[in-house]
Structures are given as C-alpha cells and as structure tokens.
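In this document, chain identifiers A, B, C and D correspond to the written order of the chains, with residue numbering beginning at 1 in each.
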C-alpha cells in the first residue's frame, strides 16, 4: 500500500508550503519531520509535523538555507526522503546532491536538470536547440555593461534584466531607455545576490502587455512525461503574481495543445523528472515564448489540483519513490474554473508595503469549493525574516463568473487582523470589468488599479459600532476552584457567556 | 449573467444545509434570507444570511414546519424563490403548492412528482409498471395487522416495516419473527407520526447484508435527465448512514451503467424535475432493487460534487430558474474517491446516544481535498429540538486508500468539545480491515464494530498533561485604559501573551 | 511549580507544571510533556519524539480534552466535590436518569420487576429519536417517577432501583 | 449605557452602547446597530435590513476591525494620548520612519536636497524585498540618520525634513 513508499519524510521548508506538503504525506500515511528556526518555534508547520528539529537562528542562511544542518536533521530522525517545498533551497542543485550522498531520496528533479534549468542563460541555449520559441535577447550573461547595452539596442527598448538564478520577480528590472540601464543593472545584481547568492543577470526584450501562462508538467523515471494544462499568472505586482487562475481565457484548445506539447518538450530536453512548471509569455497576437522552467512545486499549484483533479504533492512523492505515472494521469481533463489569491502580509492600500505584526484575529472562509492553504494561526508574529506569504485562498467553481463570485465571498469571509493584507485590493481586481471580461496581462494592476479610490468613510461608523461592542464586552473570570488564575480561553469570551451588566 | 436568475432566495431550513445552500446562492450572486426559530437566534445559518426572519418558537411545528409563516417571510422580504434544504418541509408537497400560489419559485421538484414519490406505496406500483426491479413485499399499506402478517409470511421473515412518508431510518423496524410484529408495527407508526405527521407504514422483505447504493439525478424542465453516478451509503447505525462514499467498490462499469439508466427511468416515470436521489439495495449476487426516490438535496450530496465536479445546489437553482442542463452535465465522469463522515451530536462510545450541551471548543480540519459543511460554531448550544447533525466532513483523494488516510487525519484534526461525537468510532470503522477491503454492507456496524475496545487508558496521562496546561494558564487582564472591563478575547489568551509567573 | 490532581473515570493522576519557554513542562510520574499553547484552546504537545495537536478547555469545572482520536473529560480532585462529580467507583447506580431532556414514550417495566444490567427500562424521545434508558446494574425496580407522555429533564431520577 | 469616542484616521465618532438580548445595541447619530458577539472576536451586525459578519479585537490599545471588504483600525479618544496615537491632521510629517525593521540598501537624497511629496528618499530591504521610503510631504532634507548598510528599526527617524 501507499504507506510503503517512504518511511519518513523531512520537509525542508516553513509556513504554508511545509504544511501543505505534510498534508500530502499524511494522505499517503507517511510520517513527517519539520525543521524550524528559532523564530519559528511556534509556527504552524512545526505544530502539525510528527516530529521537529531546530536547525538554527532566524536568519535563513543559518537555518532554512543550511544544507548541512538540514541533511543531518534528516539523518537524526531516520528520514529516507526530503521535500524542499518552494523557495529557500528548492532550486539549489546542491540539495539533491547532498541528499544523494546521504542516501536520502530528494523529492524533486535530479541535480543536473535543476542546474541546467536554474541557469536561465544555459537553458535558453538548450531550448533554442530543442526548437522551443524564445524571446529575443542576450545569448549568455556578461560582466561587461557594454554587452548589455549592445543587446538592448539589438532587441530594442524596452528591455528587461533578469537574474540568471532568479524567479519570483527578484533581481528583475525593466529598462525603458539607455540612460537607466546602468542603475537598473546594479539594482538587479544587488537583489539577485541577496535573494539567490548569485548576481549573474541577463537581458531580454521586454514584451508589452503579455500574458504570463505556465504549464504544469509531471515526469516519472520511466520516460513518461505529461502536462496538466495551464495556469495564467498575469495579475502581478512587483513582478510577482498575486492572483492566478486556470483555465486561461486566452487559450483556444489548439493553442493549449501546442503550448502543452512544447512544455513537455522543454521537460524532456532537460531530462526532467518529478513536478515542474514551464513558463511562457503569450503576446497579443497569440505568439508565445519560453521564459523559464521552475524546478519545484509552485505557489499556485492548487488551482491545477482543483481543475485537473490530482494531488501534485502525492504525485511528486510517488514519482520520487520510483513509481511510473498512474493511469489517471494519462486521461487528464480540465473541469470548471479555479482562482488563487495569495494572502501576503502587505498593505494593499499602500503600494503593497510589507506589514509586520501579531495576528490578533484569524478566521478562515469555508464552504464548498473553497480551499485555504495557510501557514499561520491566531497569535503568530509575522516578522521580517521570511517571505511575507501567509496563506493562499483557492476557489473552484463550475465556470469563471461563479469562481469570481465565490472568491469575492471567500475574501470577505476571510478575517485577518493585526497585519495588513491585500484582500480588498484583490476583490477590486476580481470585480474590475476588464478582469471579468478576461482581459488580463502582466501590467494589469499598473494600468487599471492605480487610480482606484481607497476611501472607507462609509465603513467607519460600522467599524465604530463593532469596536463599541468589543469595548463593552465584560470579562467573566472563573468564580470557583482553588486556583483563581484558572481561566480558560473559553471562560473569558463567547456570546453565551456575557454578564448581565456592562462595564463600570 | 448568473445574478439574474433570482432576485433573492429564502432558505427554509437551518444548520449545515441552510449554510451550504446559502453558499451556493452567494456563488451565483443571489442574496439570501434565513428563517430561524427562537432557539436559533445565534445560529450560524442566520449569521451568514443577508437577511433573517424570526418564524416562531423552538418547536418545529411552530417554526420550520410552519408553511404559512415561511411563505409570508418570503413575501415580506421580497424573495422570488425558496430552497427547502433536506428534512422539515423538504418533501412535503404542500410547500411547492404554497409557493406556487404565492408566486414564488420552489427550488425542487413539482408537487405532483413529490407527492407520488413521497408515498412509498404508490411509487412502488408506479415503478413496477416502469419495469424497475422492486423488493418483494406489500403492494399497498393497511390499517389491518392481518394484512401485515400475511405479507410478512409471503415475503418470508425477516421483514422490514417502513413509514410510507419516511426516510432517514425514522419509523423503520426490522422484524425477525411473527411474535415481534405487533410491537414493531406500533413503534414504527408512533415514530412515523412524530417524524412526518403521517403514521402510514408498509412492509417489505428484509434483505440480508445488502449494500445501499443511490444514484444522484438531475432533470430540467426541458425533458433532459442525467444521473451523476452513485453514492454508497452502507455504513449505517439506527438505519441511518454515518459514512458515505463514491465510487462504490461494488459496482462494475456495466452494473453502474445499468443502475444509472434505471435511476433516470425512475425520475422520468415520475415526471421529476430538479435534483433527486434514486435509492437501490444491491444484494451479494449483484441484483439490485429500487427502494425509493428522495425528492430533495441529500445530506451526502457533497461526495458527488467532489468526484463528479459539479455544484448541485448551483445546478438546482439554475434548473428552477428554467435553464436547460448545461453542456458540462452531458459529459460527466467520476474522478478520484470521496468519503463523507456525518458529525452528529451523539456518543459513539455509548450506542450513539444523542448528546446535548454547549460547544466549548470548535476547530475544523483543513487541507487540500478536505471540506467541512458545518452548521455550528464555538459557543453554540446543541439542544433537543432538532436533528443532532452538526456538520459533515468530506474528503476527496485520488484513490480510496488515500481518501481513507486523509479522512482519518481530518477526523483527528477536527476538534469538538462540549458535546460527544462519533469521530473515534468512525476512524475505527474506516480503518477496519473489512472496510479497507471495500466489503461494506448495511449491517457492517452490528457485525464488525460491536466488540470493539473503547478503553482510553493510554491517553489519560496525555489528557491530564493538557489539562494541567489549561489549569496553569493565567489570565492577562488589560491594564490600561479608562474602562477596566475592556478585555477583548485576544487579551486573555494566546501563546505569546502568557505572563511570567504561574498561578496563585 | 504548580501541582494538580485530576480525576478521569476511576483513575487519579498527579501532575506538576512549570513554565518552560513560552509554554509549560508537565511531569506525570516518569513522563515529561512539553506543552505549547497555540491559541484559543489549542495546544501542541511533545513527549520525547512524539508530537500531538490537542484541544483543551475548562468549562463549568470540567476539563474537556481532545487528543485527536480520543476525547476525555477530567476534573480536578479539589473541584470534584463542589461540582458534584463523584469517583466512578462510588457512582450511585440505584437512580436512573434520562440522558437528555425529552418525553417519555414508553415505560417498559413495573415497580417490583427484577431487571438485569443494561435492560431497557424507559424510552425517552428527544431529537426526533427514541432513546432507550437502561438499568446501570441488576436490581429490583423500587419506584418509577414518570409516566408515558411526561416531559423529563436530566436532574430528577426516572427510576429508582434496589440493588442487591 | 456606555459612551465611547473613537478616532479613525482624521475622524471622530461618538457611540453609545446598551445591552440588547444576548448582544449589544450601538447608537451612532441616527443609526442603530444590533451586534451579536459570536465567539472569539466574531460579530454579527444588523443595521436595519442589512446584515454583516465582522471581526473585532482590541490589542495594545488599538481596535482592529474587519468588515469583510474593509479593515480599519480605531482608538478610543481617551486612550489615544497614552498609546501615542495622534489625530491624523496633527501627525508630524517632518520625520520619516522606516515602515518595518530592515537594512538600508540605498540612500537616494542628500542633506539640503529639496524633495517633492512621495519622492523616494531611502530604500530599506526587509522580507527579501527592497522597500522605498518616500517623503510624506514636500520639503528640504534637514538630516539623514542612517547610511547604506545600517540596520534600522521603526522607532528612530531615518530622515528629517524641513517643511515649508
């Protein structure tokens, strides 16, 4: 049975993705081990693991990026497999290498495929050879600014600078004229170094208003590779998606089939195994270009799971255990429409400025077709050490307009207090006539959302009314018992336990 | 767009099904009106509705069964449609009749089809004519015990007495020998009168160890009728299911196709529209018999939604609005495996004795493929007035063994304190070797679960450790501010707000 | 350090609690449990390598504890008397109570009947179901306080038995 | 009946609260809100026909309120001074603070520079992102208290401006 796949799996990550991976392990009956930094002693991913190991101080370099410490945690606890999640070490080829040396199965691609695809420069060359369409730009990187200037001129401004080791918008800069090039190059290198420990960057033509379309692929160790259709990730701020959906409104069945076939071609050209994502840009004329392949489970994988009906983490584990792709992966279809909203600790009313603080209230939305993948709980501190993603809200509905209505309802139901989020901003994006019409592209937010009204005067009276009820609610302290201090959370709150008189 | 279907929908029910129906309305952008009894002023279904109307005292007869009051609530609030949920008036033909007279669309079948199918005796005759296989038994009911004795003799003991207006195990009695017949008849009549206001009962042959298999059907007002595959509801206590799953391990594709076609035949013979469920008993030889058709949305509808990928409440509303069945309903397939566990307020360790009390802690399980349809919140009182169903836990996974593991995990994650439930009992059923092997039938619990050990000695020390932490946690009362009583829930609890000293 | 004595069923357990980081260290005999309160009654427990997610709440003197698979109710020995909880072994078995408020739909025994342990005595209807009330021990029916049709609560005994 | 005065942004609101059933009736001007506490900071609000589900919590003197689409933070006027919250219209705009602790990766202005409202002054890296810190109003840079590479918190001003 399934429980024989692995004895125990170490999840080398934190927050929502660590929690989600552990749920996949549980569904296969496999015990899990969490690793955590000193800042995460009270984190949700630690709480739900069967075991946990402290791996170091808050700084990622000394904890979640510390390969040696993570491998030894896996050894100490008797793990025979390791899942990297996304971010941190997920796309660092040294991790699968270290796993191999330690006799631990890495749940992800091999180090060679990861190294190739992780280098955006090398992989461009490889994919050009495989006949996959590419955006015009530099063939390789360079330390010389003159090379960048030349390439920019030949591709034509605007151009974009990207980190070779990059992803998620970090180390990325759009350059609209030559005078900005030097500054942008320096900033991109600095960010790339901070984010990936590697400041190699390259340059491409910047497409105007493209859609970002990616294909999920899954490849086993027996030569089978399938794609699980597309995700559209066009709604971006800071070059990072905040709303994803599938199916894309831009794809015809014919275009979907061609792009899917190219996605499989990319994976096969790279000798890829396990789950991965092939990213394309799609321009207005229906031409598409290979952007990069992400060699990890993606933040937005749940929308594929809901529409295609697979559990990608379960499939990752099965592939890593050496099983061939199951029959259910050979007759895949898309059913209904799914949308994901990323819940970051950031202020949607103030330029997405990161927000830190304590979560003083937390309650999740619920209902059919609503899924929350979260890494937080009431009482947690959101600090400065890690990526500000707190949770992902995913809805699935029969069609796109129902999915939009359901997501709107779910975002309104979702209560998070103490740190700021972009919930209101995302509700407004989802209900913007251009979004409803399916006309999404990567500059959507800049073009359509910058002039939005953010007033809330109509709500202040309502808020004051609720605050009054909060202020008026008296404490009920336990009356009996020998220990006057024994008041459980329950005894101090609750609609049915309010005293007869108010305050003073 | 979808929001044009109805102006406003009144949900003539309470608890989890009222909540779930309202979620379906929200997904279509339709505002909802809750009705509630005096006992339900703080109920969840009232809280999430856009409007609510008090319809009477706690007694169902004076509130949720009061057609006149419900219709006038719909009129007062400007509703143009009404959804009955399940139970209460859901299968009472007087409700669609009253709706029609008031110019309100009833979201369910027509009164005639409902009346026919609601009468188990008449519908048996009709379905016999339509060529649907039936269990041997009485052709009609009778007030005369001699008729029951005669029918029992001809069918052969054991026999079963059922309420003509029945469903859900109420007014049902198995009779193994003639000497028990009179008592059983009286008890069944009494229960039927209490539950349905009609004490008509009839008698059938009792099949030994059958499986209970039902088919979901959906029929529009344009002559289209489809089935959405089966649900197996064999795990029963008190003749009422507590665990349901789909697909059934007992059906081959061929048998599934035959039964599905017969289900559609039943619906068509009855002139049925909207969502309904055709119930069959399946014996060990693969023979199946029509049992009854339920003319409502079923408690267990979510497992169909997860495996077939439809939203049945959304489809019900569309059908009621006069739309033809959508194209997505014409190419249906089953994907993965779903299980539902019903969370009743009853003691799984003590013969499923109903349990009343206040819910002093409530936290729901979460994760991919886990769905909770609940009608409760922390702080609610579970009283004696209504059916003790509190929530339904549904999981969806690629295959049956993964679904069992996921449900086990979800039941363990699900925390409900203050009233008893059968969570532990259900975990043990799900992991019983006979269940794992798929050998389920209606007497499964009697045969396999009666000798289970229910000790918990190994857990007492753990429980005492947690209790110690509860006892030791001091209150932190707000220190500042002008109002000494202003302590929010937050300020008295939380891992990060514990004082420095303990107790006394 | 705080010390508690808890009663669970027929057993008693002594615990001692001290603060440990942001949570508690509880010692019971040889076993040590590290307990982190999370929020709103949820706790993470570590006992050696084992970790568990639990819920615990005190309500009207009873500690309700959910350990995932098993739910238990405990009382503090010092509270037990005042809130009317007796040790299991001393529980009075000669009075039979309804499990919940409801209506008597059938009385199955008469005064002076000899009854066996678990024999059904009375059927109470509540929550739309018929719930049998059984004898907690073998004995002889001494008194029946309600008749068919009566509304009953959980406070007054339905039946009194004379135990052998 | 209790009376409160709340500050939200630049506005002030007077409310009066009285008990109503199991919840509260709040009056603000002509409007009446019926508020039912549910549990753990959740509230159901009715204002005439409208119903709304909200969350509200007081934490360190601030009332955090979630109304579904909109989240707001309020303070009681009587608390405002003691917890250091000033009315919006009197907010000091001549000191610029970091929005969160982090590291200065770039200083974009020099002392004596004239800056426009919203002009970027300093870039602080935190949470793996570069976050620009902008001028709250037009003015002249009077002092810069941190240099590239410095760790900064949210308590000490990064930049001081001379407002016209």
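Definition applied: a residue touches a chain if its C-beta (ideal position, glycine included) is under 8 Å from a C-beta of that chain, and two chains touch if they have at least 3 such contacts.
On a predicted model such as this, the values are computed, not experimentally measured, just so you know.
Fewest steps needed to get from subunit A to subunit C, stepping only to touching chains, is 1. Set against the C-alpha centre of subunit A, every other chain centre is closer than that of C. In terms of C-beta pairs in contact, the better-connected of the chain pairs A-D and B-D is A-D. Chain centres here are Cα means. That of subunit A falls 29 Å from that of subunit D. Averaged Cα coordinates give subunit A a centre that lies 37 Å from the centre of subunit B. Mean C-alpha positions place subunit B and subunit D at a centre distance of 47 Å. With touch defined as above, residues shared between interfaces to two or more other chains in subunit B number as follows: 42, 358, 360-361, 378-379, 470-473, 483, 486-490, 493-496, 502-504.
Residues of subunit D in contact with at least two other chains: 2, 22, 36, 38-42, 53, 56-59, 76. Taken pairwise by the contact criterion, the protein chains fit none of the simple patterns, being neither a path, a ring, a star nor fully connected. All chain pairs that count as touching, in label order, are A-B, A-C, A-D, B-C, B-D. Looking at the complex, you find that subunit B touches subunit A at residues 1-3, 19-20, 23-24, 26-29, 42, 302, 305, 309-311, 313-314, 326, 328, 333, 335-336, 358, 360-361, 364, 366-369, 371-374, 378-381, 397-398, 401-402, 405-406, 409, 470-475, 477, 483-490, 492-497, 502-504. Residues 1-2, 4, 6, 8-9, 11, 13, 15-19, 22-24, 26, 28-29, 31, 33, 35-43, 45, 47, 52-59, 63-72, 74, 76, 99-102, 105, 125-131 of subunit C are the ones touching subunit B in the complex.
Subunit B contributes residues 170, 187, 190-191, 194-195, 238, 345, 353-356, 358, 360-361, 363, 384-388, 411-413, 415-418, 420-421, 423-424, 427, 456-457, 459-473, 493-496, 498, 500-504 to its touches with subunit C in the complex.
Residues 41-42, 46-52, 77, 362, 377-379, 478, 480-483, 486, 488-491 of subunit A touch subunit C in their complex.
Residues 2, 21-22, 36, 38-42, 44, 49-51, 53, 56-59, 61, 76, 78-79, 82-83 of subunit D are the ones that touch subunit B when the two sit in their complex.
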